[in-house]
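Chain lettering (A, B and C) follows the sequence in which the chains are written, and residue indices restart at 1 in each chain.
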Amino acid sequence: MTTKPNNGMVPFLADCLRWSLSGGVGFKLYLAGLLVVMGAGGVAYLRQFQEGLITTGMSNIVSWGLYISNFTFFVGVAAAAVMLILPAYVYKDKDFHEVVIIGECVAVGALVMCLLFITVDMGGPLKIWHLIPGIGLFNWPSSILTWDVLVLNGYLALNALVPLYILHCNYHNRAPVGWKYLPFVFLSIFWAISIHMVTAFLYQGLPARPFWNNPLLGPRFLASAFAAGPAVIMMVLIVIREKTAYPVDAKIFLKLKRIIVVAAVINLVMLFSEVFKEFYTFTHHSLSAQYLFFGLEGHNSLVPWIWTAISLNVLGTLMFAFDPTKGRPGYLMIAAISLFSGIWIEKGFGLIIPGFVPSPMGEVVDYAPTLNEITITLGILATGALVVTMLIKPALRILLRYKGSMAS
Amino acid sequence: MDDKKLKSSPGQKSSRRSFLKGAAALTAAGSAGLLTGGCGGSVSAETMGLQWEEFFKKNYRLMTPEEKQATVDRLERLARIRHDLDIEVSNREPRENVLYGYAFNISRCKGYMDCVEACVRENNLDRRSKTQYIRLFEMDPGQLDPTSGEGRYFHEVPAANKFYMGVQCFHCENAPCIKACPTKATWREPDGIVVVDYDWCIGCRYCLAACPYWGRRFNWGEPEVPLDEINRRQHYLGNRMRMKGVMEKCTFCIQRSREGRLPACAEACPTGSRVFGNLLDPDSEIRFVLKNKKVFRFKEDLGTDPKFWYFMD
Amino acid sequence: MAGQGSVLERIDAVDEPFAKPEIESVRQLTATTVVAMETYQGGEFRVLARKEFIKRFRCSVCHTEKPMAARDGALFTHGDIRINHGRAGDALVCAECHHEKERDFLADSQGLKVDFDHSYQLCGKCHFRQKRDWIGGAHGKRETYWAGERVVQNCTGCHNPHSPAFPRKMPETYSLPLDD
């Protein structure tokens, strides 16, 4: 059923596309489901494009909402690929080397989502060319947002091209040549840290928002990313192990688990440190935290969310730390989902919204996303899932075939 | 969402209802309306051409004087075609040796809000979302931080035992919004006014997040102003019609101040609480205030260096 | 600290008066103005004239030596004027500001005549701090232009001299968000 490999790029890409779409009825249904959600998101976006961002729940007080919350979170997921790349390439960890490609695919999917979230959040998406140096005006290095544009696109390029090269070689039954891609791998390690630090600096650098203007924000972004990201990768790996022929060694889960526990504990320690600072001596800079954790002036829409998030966070961390099943996939899946959703809420909604409440003029309003906004968000999440699926499927197939041919 | 709130609010009364009835509201289809077609229906070749040129024009700061004149002419022509409206868009440059500054007398202001209303009318602010550049806060004695005040009062003023404090864009010398903008769509002019090139703004709202004074407003939808209420004396960087998806802000009424006039808020204030003038003129009123009154600036600890001072009698 | 005080340094560096170039768009005001009998830091300035806004000026048209019937008093003696000026319970009386003999003028406590167009001279006798601020520009209101010749409102342009405190009234508009 496979075409005979030759050296060209075209058959490689054609095969990739074919393999990414082929599968059983369940898989087809899954793809169809994603496409339906994406279609709904597209229609919703068309409406937003016509009428403006007035179709969202955002206002001049809470001027970033669901989109930027998700953007922030998925930058973390993208950055987390480094937790596989680092041991795989720097410490030559054989187990991680087997699955590093999956981490990279997840990163690409996350980055695609990030860029989409930024785009749908823009008031003038047609004017995006104003950002392109040369024809536009790029306020670099002054604006941290321009740094973010650079690091996100650069990281996307790194995470797309390195696996592409490796898979292309493997597809043609060749081993990749180290010097051609390893420099980029090491670059991507630093780059991963930088995308997340830069995204944190986006918020951290604003004295207007005391809730964000906090030197712990960047490190905490990293810690939560290195917990949530590997949790996502673990979820993907469990699915691969259950649903495909690709061998995923149980040792990988144990190693991932260790990474997650360390990162999650550091994250919780930092969270505790922040909470202490906000509430031990309550200043008017603590009002945002007050709003987040307990509500302010009768507005408390975030309170149930943040306590759910913290509970899920602690639960997930404890489940990973004290695993009585010694790595049974079902158990790990629950732990990963718990930790992932906890950090998702905490670092998305729980970070972005309170930064705006109370406003710099002390006004408190609640934010709730509209149905249109949620539909667009779901559409983007579905797009991300589709991208990850369509990357991982052919990648695993090529790797499997390459391994088979190497063994024989 | 806002409409619901408006209906229960005491202030709407006749003005809003009659506005809705007189449905002839201007929706500014700016350059972003290129693909959506703006008003729809028959769009002439001339309109398409003008919109095309508008869409691909440069950032205002990079334009030559000729290009500035050309875009201003296009905007006037488009208003003529679209709304049968004669507007006058100025591109008056800053004057030498002028740096605008503002002082606000917190012991004089009575909270009448004439300034807010005058600003809305002068600057063609969106009536639909009730955009306002100026906020007045009703304050309790014993406090000087407007964040502790109430900005939503609607009762007879001055209320007993209260004082009032106005905030708007403070035109910081070291403005965090300018630093934040990824496309250099907002900048400080040589005469100190912080402006936005609406056609260059991509609507990311990072400047809004960066402003510690809540001095910026976003056009969440297409802004609407009843046609007969449009102020036709406009400035490219000032009160010309904005479009959806762009940021806007107080410009010290650049269309007035660069002609030597007072901003609308200062002119409308019935209590004389608002002092505006040239900081580089030692004889000006604003300089007299700075020299002879004890003044302070809001959130001075942030190092933004605003050109807006508060003082007391 | 970055930027702190830099605008003040810039301001302090300038002590040359703004060479008031003819800003072509600054026009002569249509309202009648008089040259103030004071000078501010920039020299001479003008005040909006008052007399033409006073109903039934000149006062001496009615206020003659002729006797008058008491029943006409309400009509002719400014029955509509309520004095709310001065300390509570110790309001001013007409003659404390108006000239007793020459009704077309105001008068200070020494009996010196003050022109209605220059009422600030009289107001300033008690409100000397406000007058000082008004001359400099921290009190009162400049008319229309920040540039060009300085023209300011007279005291009576904003304050009703018989009841100078600003009244309580509903504000012109209101602000969102009104969400509770």
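By our rule, contacts are C-beta pairs under 8 Å (C-beta built on N, C-alpha and C of every residue); 3 or more make two chains touch, one makes a residue touch a chain.
The model shown is predicted, which means the values in this text are computed figures rather than measured ones.
> Write down the chain pair with more C-beta contact pairs when B-C is set against A-B.
Answer by contact count: B-C.
> Farthest chain from chain B, going by the mean of C-alpha atoms per chain?
Checked the centroid distances; the maximum from chain B is A.
> Suppose each chain is reduced to the average of its Cα coordinates; what separation in Å results between chain A and chain C?
66
> Please work out the Cα centroid separation of chain B and chain C, and write it as a whole number of Å.
Taking the average C-alpha coordinate of chain B and of chain C, the gap between them is 30 Å.
> Would you kindly tell me how far, in whole Å, the mean C-alpha position of chain B lies from that of chain A?
Result: the chain centres lie 38 Å from each other.
> Could you pull out the residues of chain C that touch at least 2 other chains?
177, 179
> At which residue positions does chain B touch at least two other chains?
If we look for residues of chain B contacting two or more partner chains, we find 129, 135, 151, 303.
> Among the residues of chain A, which are close enough to touch at least two other chains?
Where chain A meets two or more other chains at a single residue, that happens at 59, 61, 363.
> Can you check the complex and tell me which residues of chain C touch chain B?
Against chain B, chain C makes touches at 1-7, 10-11, 14-19, 21, 23, 25-26, 40-43, 129-130, 133, 136-142, 144-148, 153, 158, 166, 168-179.
> Taking the complex as given, what residues does chain B use to touch chain A?
Counting only chain B, the residues touching chain A are 1, 31-32, 34-36, 55, 59, 62, 129, 135, 137, 145-149, 151, 167, 176, 179-185, 200-206, 208-214, 216-222, 244-247, 302-303.
> Would you tell me which residues of chain B are touching chain C in their complex?
2, 5-6, 8-11, 95-99, 101, 103, 105, 108, 110-114, 116-117, 120, 129-130, 132, 135-136, 151-158, 173-174, 257, 259-262, 266-267, 269-272, 275-290, 292-293, 300, 303-305, 307, 311, 313
> Name, in rising order, each residue of chain A that touches chain B in their complex.
Of all residues in chain A, those touching chain B are 49-54, 56-61, 63-64, 118, 121-128, 130-131, 136-139, 142-146, 149, 202-203, 206-209, 284, 355-356, 358-363.
> Along chain A, where are the residues that touch chain C in the complex?
59, 61, 298, 363, 365-366
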